[in-house]
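Here you go, one structure.
Naming follows writing order (A, B and C), and every chain is counted from residue 1.
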């Protein structure tokens, strides 16, 4: 069994942003040389998500609006009594998820027609990391 | 390390449906011949989920009602300005999740007493796929 | 490829509780002797979650409050017509997730600075299990 690991760094301009990171993950997969196995892609920070869905601008706004309606940034959170202001971001990240596991087949991400990997930032404007770990043969 | 892959195809009669796909995943696992490892089961489409919970008819109605109350099909979604009518389905799928990873032990799904694998369709009535990828030995 | 498996047992005093189980998972990982690979940690019961986020007391109360507001224990659930009283717990668990997959690098959980593994119980006060399965080399 082979394994390979790389970190991707991001710094968004806005507090909340959605970034399509599929090309970066594909590049890591090529680097790994692994043909059959799994790749794990996870946020290493706890106020951001990695998820898979469509790269359509309207949909990204729908996600933003849905999450902000359900868990408003300006809501009341006990976590913010610690001096933080990102209580909402910890909850938004749980709804969208921490990680994806993607099958690797013939050296490629084994995807359906519209699957794209996104990094969803809910408390950005600082350098944060995503882990890409590949295992297989 | 061995690996094995199969696609399962589904076409639901209703727009939204919950299908217990545990027997199909078990069959793929037997085909793989893998005794120890992981199986990844994921929707290959972005308006459907794969998740694990109980196969109880009332619960499936509770999920349907909860999701429809939170993200109504008839709501306003920017995604639908593209001509699609499934903005709600993209959000429902995020809440229920894309994938499950299940341990394989002694050639079996390593499950607790009530765990069952479900395919949750939120925009059905057409042929859609689930990927089953097994790695191990 | 090596694999290793252990079950962790929990019995909470309250119906709903959040337990940081990172030390137990690290101990299993040491037992496994695996240096590079993946560890899967999943609830084996369908009214509990395993998730990764911050170990901060206020945040845990925020999660509890958010989930109870969205899916009240005293709400009306068809599942409860079976004689159960945990319809809410099955939905709460879906929002928080069933499982995490964590990369193993140099024999350690490959974590960002604040990542901690939690067992979230939504219908406790009885013995329930978490599966830890490690694969790699």
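As a working rule, contacts are C-beta pairs under 8 Å (C-beta built on N, C-alpha and C of every residue); 3 or more make two chains touch, one makes a residue touch a chain.
Treat the numbers as computed from the prediction; the structure is a model and nothing was measured.
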Chain-level touch network, classified as line, ring, star, complete or other: complete
Fraction-based call for chain B against chain A, same above half, different below: different
Computed distance of Cα centres, chain B from chain A, in Å: 20
Touching two or more other chains - residues of chain C: 1, 38, 70, 95, 97, 101, 135
Chain B to chain A touching residues, read off their complex: 1, 3, 5, 38, 40, 42-46, 70-71, 77-82, 87, 90-91, 93-95, 97-99, 101, 129, 131, 133, 135
Chain A partner contacts - residues on chain C that touch it in the complex: 1, 36-38, 51-54, 56-59, 61-63, 66, 70, 95-97, 100-103, 105, 110-115, 135-137
